[in-house]
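Both complexes shown next keep subunit A, but they swap its partner, so subunit B is in the first and subunit C is in the second.
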Partner chain A sequence: MSAQNRIKGHGQLSLAKTINFTFDGTTYQGLEGDTLASALLANGVHLAGRSFKYHRPRGILSAGPEEPNALVNIARDSTRSQPNIRATVQELYDGLTAESQNRWPSLAFDFSAINDGLAPFFPAGFYYKTFKWPPKAWDKLYEPIIRAAAGLGKSPAEADPDRYANRYAHCDVLIAGGGIAGLTAALAAAKAGKKIILCDENPNFGGAILYDNALEIDGLSATEWVEKAVAELAALENVRLLTRTTAFGYYAQNFVALAERVTEHMAEPDPALPRERLWQVRAKEVILATGAIERHLVFADNDRPGIMLASAAQKYLNQYGVAIGANVGVFTACDSAWAAAFDLKKAGVNIAAIVDLRDNPPLELQEKAQTCGIRILRGYTVTKTSGRLRVQSISVQPINGGTVEQIRVDALLNSAGWTPSVHLFSQSRGKLKWHQDRDLFLPDIYVQDCISIGACNGTFDENELIAEAQAAGNATRKKAKAIRIENQSSWAGNAIGAAPGAGPSDNVKAFVDFQNDVTAKDIRLAVREGMHSIEHVKRFTTTGMATDQGKLSNMHGLAIAAEQLGKNLPDVGLTTFRAPYTPVTFSTIANHARGPLFDPTRKTPMHQWAVDKGAVFEDVGPWKRAWYFPKAGEDMHAAVNRECVAVRKKAGIFDATTLGKIEITGPDAAEFLNRLYTNPWTKLGVGRCRYGIMCREDGFIYDDGVIGRITDDRFHVTTTTGGAPRVMNHMEDYLQTEFTDLDVHLTSTSEQWAVIAVQGPLAREIIEPLVEGIDLSHEAMPHMSVREGKICGVPTRLFRMSFTGEMGFEINVPADYGESVWQAVYAQGEPRGLTPYGTEAMHVLRAEKGYIIVGQDTDGTVTPHDAGLSWAIGKAKPDFVGKRGMRRPDLVAEGRRQLVGLRTKNPKVVLEEGAQIVATPGQTVPPAIPPAIPMKMIGFVTSSYWSEALGHSIALALVEDGHSLEGDTLYVPMEDRTIEVEVSGCVFYDLDGGRLNGKN
Partner chain B sequence: MLLIHCPYCEEERPEVEFAGAGEAHIDRPKDMNAMSDAEFEKFFFIRDNPKGVNYERWRHIHGCGRFFNAARDTVSDKFLTTYKSGEKKPEVATQKPVQGAKK
Partner chain C sequence: MAKIKMAKARPPHEGRRFANSAISIEQALPASRISLRAGSNELAELTKPLGFKLPSKPGTSKTKSGLSALWLGPDEWLLINNDPQAISKLMENLDAVKCSNVDISHRNTAIIISGKAAEDVLNSGCPRDLSLDAFPPGFCSRTLFGKIEIILWRLSENSFHIEVWRSYSEYLWTFLLDASKDAG
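Take a look at the complex of A and B:
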């Protein structure tokens, strides 16, 4: 199809550079440099979408990011399908495929448009009121139906295949917006030698002056001046120019986020380029030159396709060479719409009439209109429009009443004046001030190092704007070279709220928010129903809550609410502007943090060996730990039983690398441990180990681990896997800020050591042939000792210790040797039955011995005494962290939950971890009605396993006064039964601990 | 994201390098055992939550690792000053916002 509305000799595009695109299956021709919207209009297509609630036909309203109507789906292929793209900012490329949204079966005939006829039944708050009863119908009936009908566009079903980039940048001055103000400020700042980033959301710098054909700057046309300014800036090394880049978020300390659309405009995106780039900019100073957005007028049926903002029509003509109609009406309260009308007239478009709400628009505009032969209707309003898929006529009437006249049009420009874009200023937490004389909210109180210039600061006069921009850009405040402005057009005049004819007494549909279908009537209704704050009005009507965030509607909504409340506009309040300024894709925000890079995992040096052995892994904090090693045909239960038996009967090998490790050195190392752990350390001999408990000041267990004394002034401390970072932080905190008298150094060595635990009766004979320089005999190296020597020729810290209850060793070797030493030990032991075991078997083995796991058997409210570890408290020590806390009244009172063992009366029953415990049988759990006896929970199960070694289940539990209940029967009520249990000590296996020493 | 001046590194670094560590200028008593329950409660549990200047501890955990103190305005989130741990609490006033654009 040829583009019938393209006017030769107008616009800045080359007619020779044609490209094809499709919209709803029809192929059209556009020009290089078009937006999708300008290309559609060139082909006479105004109808671009259906509204959200009433499914009314909607046209292209604007020519910028504020567009509420023309939202389309653009798909390059099935993985690159994006909904809700504003046709007014999407640049055209060859082969672009766009589909309209929110219609069925077609845009011109949409079944759901029946909603429009039913509109009297769908006022604001309709959903809240109608779908209230009966309550059960909400889940099953109302919500599914409403959800199916709601929503704009469809999100793509497949994963995003593209790459997104992230970049940090620092600069002296970040300038958001590259119109005349931004460019002028950039020139001034650049000449002052500052490092600058200038960004603009459009493909070209220049902003609103690009479509101002009358304006002359220093004797140049606006486009020539912009070209010169950009060339000048581009040549400077201290300037970075970013187009297609939206400053969308303004955060603390001048941290501004920019989204750069790198390839969205390309027919064939360069695979070397990211699709979008997130810039995180830290600027010493931010200059906001974000311009202003023209408001529509609120009048009856103001949403018909063909009704458009005046500035948009002017832009389509002067930038894209597109006439939006052949017989155009103008309805305005602002001077700038007159300039648009003059430009259209000059291009051969008939202007049916200029309807101005004002009685006395500027005389010079009236004279010019008369000269061009344009009919002027002063003090008139538009009371009605007609036309289903395109506006056909407007009805005009004097504001004071009188004859209604119908005027035929095929498009209608309208303008209620300009709203400064204060979004970023507000995001910076700046406070706005209402200027009653101009009906504008303008920046007032600044809390960050930023400054607003130009239209976003309410400075519409170009001469004032230039002075403001030069002053902002040039910190030295030297007088800048004057810039000469001629033939500027006026932006004076505005209307806010409903236009005459759409007031409280008129029963008309005058849209305030196009995207969410909110009319002036809806806002009045909200106020009448008791919504007196704009925040409530907003939520009740959903005005300003669509994807355009009320860029056009907010001020009208406020004004109508204020009128209905009989208040001044600023007293109604202003909703908060929030980031992002315009929609930003999830992909840009998520950026590289996808898939394996979303949350990095930690793996031990022996990880691959376990993978090769078929281990099943579990996540422990950021670590991947081998959970169990199933053999063919084994389930988890069978594998864990086999692994446990192997450790008890022969030997097992276990990867303990993930335990935290801290090297504590210095002359006061032992005293430091005395103060940080509950145990005494002074008398611990070199080469010996001790199980230590760390508390916080409140007396609760914080961490535990085995600590070995390597030399007099060097300790090897181990922590829990998950606790390693916080224990290190806790130690550093005390060392740096409280115990500054101690000469101690702390080094995290968690990453330096790989740890191979070999546990079981055969442990010693398996490793003995590999070890050099250490006597492994029981006499020379008893339980809880540490030696330094070599294993497989590699330096080792060899611990004789056990977390299984069997005789065992933990071989620490430098991490790089971890896998090879592991393999050597495994090769040595496998013929004798050495079996790899995972964390689940480890848990069973330690529970059989009553060894606690901090965080599983304790929860941050358990004292060492509660856990049965009073023996580990150095009572003779004058002070340690937690000593005073343990004497707190609540911690010494009766009724504390204490750690005990539980044996089920039926040995085969394994309790559920977390199950609650009661003292009296017959107590029932809901939903049994009525409960026989009100339930009193006296504790809960913390650990529970099947013990293959013992042939019965075992459990640990925290129970009120549990230490005095040994032998008592308690009850674990479950949903379907009550389980009887007997309280026991925590140790179930090898009660005298002989096996630790290779006996029993 | 905030920028925080580390008094040990003597430069501003991004917030992600730091970890907050609670209220500043609470000294662990020399003789903990002599504390009454009420004193312990005040020392361990009771914290200020001012609107305005808050004295708080930070650690440059992914940098030099040192703990230091800061005065931060809880209204504007602005760091008014940072100083080494052990130094005296400085008197700082809340910064006043600037009225009107700088013209």
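Take a look at the complex of A and C:
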């Protein structure tokens, strides 16, 4: 299809560079440099979408990021499909495929447009009013229907195949917005030698002056001047120019986030490039040159396709060479719309009339209009419009009443004046001030090192703007060279709120917020129903809550609410501007953090060995730990039973590398441990180990682990795997704030050592041949001792300790040697039955011995007494962290949950971890049908396993006053039955601990 | 007693290397490393065993005869000796003076990243200002890269040494390779 509305000799695009695209299945021709919107308009297509609530036909309203109507779905393929793309900013590429949204079966005939006729039944806040009764209908009827109707566009179902990048950057000056103000400031700052980042959301720098054909700057046309300025900046090393880059968030300490769309405009994106790049910029100074956005006028049926912002029409003509109609009306309260009318007239478009709300628009504009032969209607308003899929006529009437005249048009420009884009300023926490004389909110109090220049600062006069920009860019230097401005057009004139004819007494649909279908009437209703703050009005009516975030509607909504309340506009409040300024894809924010980079995965030096042995892994925090090692045909249960038996009968080998390790050094190291752990440490001899418990100030268990004394002033501390970082922080915190008198240093050695646990009756004879310089005999190296020497020729810290109840060793070797030593030990032991075991078997073995796991058998509310560990408290110590906490009345009161063992009456039944425990039979699990006895929980199961060694199940549980219940019967109600259990001590296996010493 | 077979060291990512026209990333060779902690009163004593005066300005480093000291905090330095065998002698020398010396040779591993895009690749994950003014050759800092902690040390204009805990080195490699696609 040819582009019938492209006017030869207008615009900045080359007519020779044609490209094809499709919209709703029809193929059209556009030009290189077009946006999707300009190309559609060139082909006479105004109808671009359906409104959200009423499904009213909507056209292209704007030519920029503020577009509320022309939202389309663009798909390169099934995985690259994105909804809600603004046609006005999407650059055209060859083969672009766009679909309209929110319509069925077609854009021109949309079934749901019936909503428009039913509008009286959908008043503001109808969600809150309508779906109240009957209550049961919410789940079955209302919610499913609302969910089906809700949302705009369809999100893609497949994973995003594109790549996204991130870049942190620092600069002296970040300039957001590369229009005349931003470029001028950049030139000034660059000459002052500052390191600059200049970004603009458009494909080209220049902003609004690119479509100002009259303007002359230093004797050059606006486009020539922009070209020269950009070339000058691009040649400088201290300037980084970023186009297609939106500054979307302004955070603390001049931290600004930019989204750069790298390949979105390419027909065939270069696979070497990321689709989008997030820039996280820390700037010493930020210059905001974000311009202003033209507002629409709020009048009856102001949403018909063909009704457009005046500046948009001017931009489509002067930048893209597209006439938006052949017979165009203009409705305005602002001078700039007159300039648009003159440009269109000059291009051969008939201007049916300029309707100005003002009684006395500037005389020079009126004279110029008369010269061109344009009809002027001063002090008039538009009372209604007609045309279903495209505006056909407007009805005009003097504001103070009088005859209504219908004027035929095929497009209508409108302008209520300009709203400075203070979004980023406001995000920076700057305070705005209302300027009653100009109807503008402008930056007032800055809280960060930032400055607003140009239109976003309310400076519409180009001469003032230049001076402001030069001063901002080059604050310390002498006056910059003057720039000569000629033929600038005026942006004076304003209207906010409903136009005459859409006032309180008129029952018309005058749209304030196009995207969320909010009319002036809706806002008045919200106020009448008691919403007196703009924040309430906003949420009740949803004005300003769509993806455009009210760029066009906010000021109108505020003014209408203020009028209805009889208050001054600033007294109604102003809604908060939030990031992002325009929509940003999730992928851009996630950028590299996907797949393997979503979160680090930590593996031990022996990981690959376990993989090769067919281990199944479990995640323990960021660590991958071998869970169990199934042999062919074994399920988890069988594998774990076999592994447990091997450890009890022969020996097992276990990767304990992930345990946290902290080296505590210094003359006061023992005293530091005295204060941090409940146990006493002073008398622990060199070469000996002790199990320690660490509490928080509140007396609850925080962590535990075995600590070995390497020398007088050097301890090797182990922590739980998950607790390693927080224990280190806890220690540093106390060392730096409370115990500053101690000469101690802490160093994490978690990853210095690979740890190979060899546990079981044969442990000693397996490792003995590999060890040099250490006497492993029971007499020389008893349970809970540590020695330094060599294993397989490399240095080791060898611990004799056990978390299984068997005699055992934990071999610490420098991590690079971990795999090799492991292999040597395995080779040595395998013929004798040495079996690799995983964390599950480890859990069973330790539970058989009643050894707790912090975080499983404790939950942050368990004291050492509760856990049956009173023996580990150094009662003679003057103080330690948690000592006073433990004396709190509620921690010594009766009725505390205490750790006990449980044995099921039926030995084959394994309890569920987390199952609740009651004192009497007959209590059932809610929600049972009454009249069950209400269940009173007195505790719960913390650990539960099948013990192959004992031939029955075992469990640990926290039960109220559990320590005094030994031998009692308790009950565990389940959904289908109640399980009887007997309370026992926590130790199930080898009660006297003889096996630890190689006996029994 | 039969002769004990010596264990073999297997450092992470041994010999791993990536290069394109703008960037080269390689796993550094094993080295000796010590976390050295000492108060201001102890600094003078340390000059002898180290062979030089410890750097005392934030972010600075000093290298002499293969031994480098990186300032990490007012009482904290990272010592790196390129010779992995040097660790025992170094520990011994430091044992003789009042300080905290902990062998972390195997806790950390290092990646060297060089080339004209090194700064950009690092700034994909590291929020520090890596311009030559702010981060000149010899400068070092404990900082972040994506979700992990690293110590970044600039060796020359276009070359950086990254210290990382060994289990995080896989993440670092993956991130650097991903970021390298956006440089060149």
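Definition applied: the second predicted complex is superposed on the first by the 982 of 1000 C-alpha atoms of A that agree within 3 Å, B and C clash if a C-alpha of one lies under 4 Å from a C-alpha of the other, contacts with A are read in each partner's own complex, and residues count from 1 in each chain.
Heads up, the rule we're going with is that a contact is a pair of C-beta atoms (placed from the backbone, for glycine too) under 8 Å apart; a residue touches a chain by one contact, two chains touch by 3 or more.
These numbers come from a predicted model, not from an experiment.
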Requested in this report: Applying the touch criterion given at the start, work out whether A:592 contacts subunit B, subunit C, both or neither, answering first, second, both or neither.
Outcome: second
**Report entry** First (subunit B), second (subunit C), both or neither touched by A:282
**Finding:** both
Report task. Determine, under the contact definition given at the top, whether A:748 touches first (subunit B), second (subunit C), both, or neither. Result -> second
Query raised in the report: So which one touches more of the residues on subunit A, subunit B or subunit C?
Result: C
Report task. Mind working out whether A:251 is in touch with subunit B, subunit C, both or neither, as first, second, both or neither? Result -> first
Report task. Considering only the touch criterion stated at the top, classify A:545 as touching first (subunit B), second (subunit C), both, or neither. Result -> neither
Query raised in the report: Taking the superposition as given, does A:879 touch the first partner, subunit B, the second, subunit C, both, or neither?
Result: first
Query raised in the report: Is A:601 contacted by the first partner subunit B, the second partner subunit C, both or neither?
Result: second
Report task. Quick one: classify A:820 as touching subunit B (first), subunit C (second), both or neither. Result -> second
**Report entry** Residues of subunit A that lie at the interface with subunit B and also at the interface with subunit C
**Finding:** 280, 282
Report summary line: So, in the complex, the side of subunit A touching subunit B is made of residues 251-253, 255, 280, 282, 429, 431, 443-447, 451-453, 457, 468, 471-472, 697-698, 729, 732-733, 736-738, 740, 878-879, 883-885, 888-889
Query raised in the report: Along subunit A, where are the residues that touch subunit C in the complex?
Result: 163, 165-170, 195, 272-274, 277, 280, 282, 592-593, 596-597, 599-605, 623, 663, 665-666, 743, 745, 747-753, 769-770, 772, 791-794, 813-817, 819-821, 824
Query - Touch list for subunit C against partner subunit A, complex - result: 1-2, 4-12, 30, 35, 37, 39, 75, 100-108, 120, 123-129, 131, 134, 146-148, 165-168, 170-171, 174-175, 178-179, 181-182, 184
Query - Residue numbers on subunit B that touch subunit A, as the complex places them - result: 1-3, 19, 21, 27-28, 31-33, 35, 37, 40, 44, 57, 59, 61, 65-67, 76-78, 85-86, 97-103
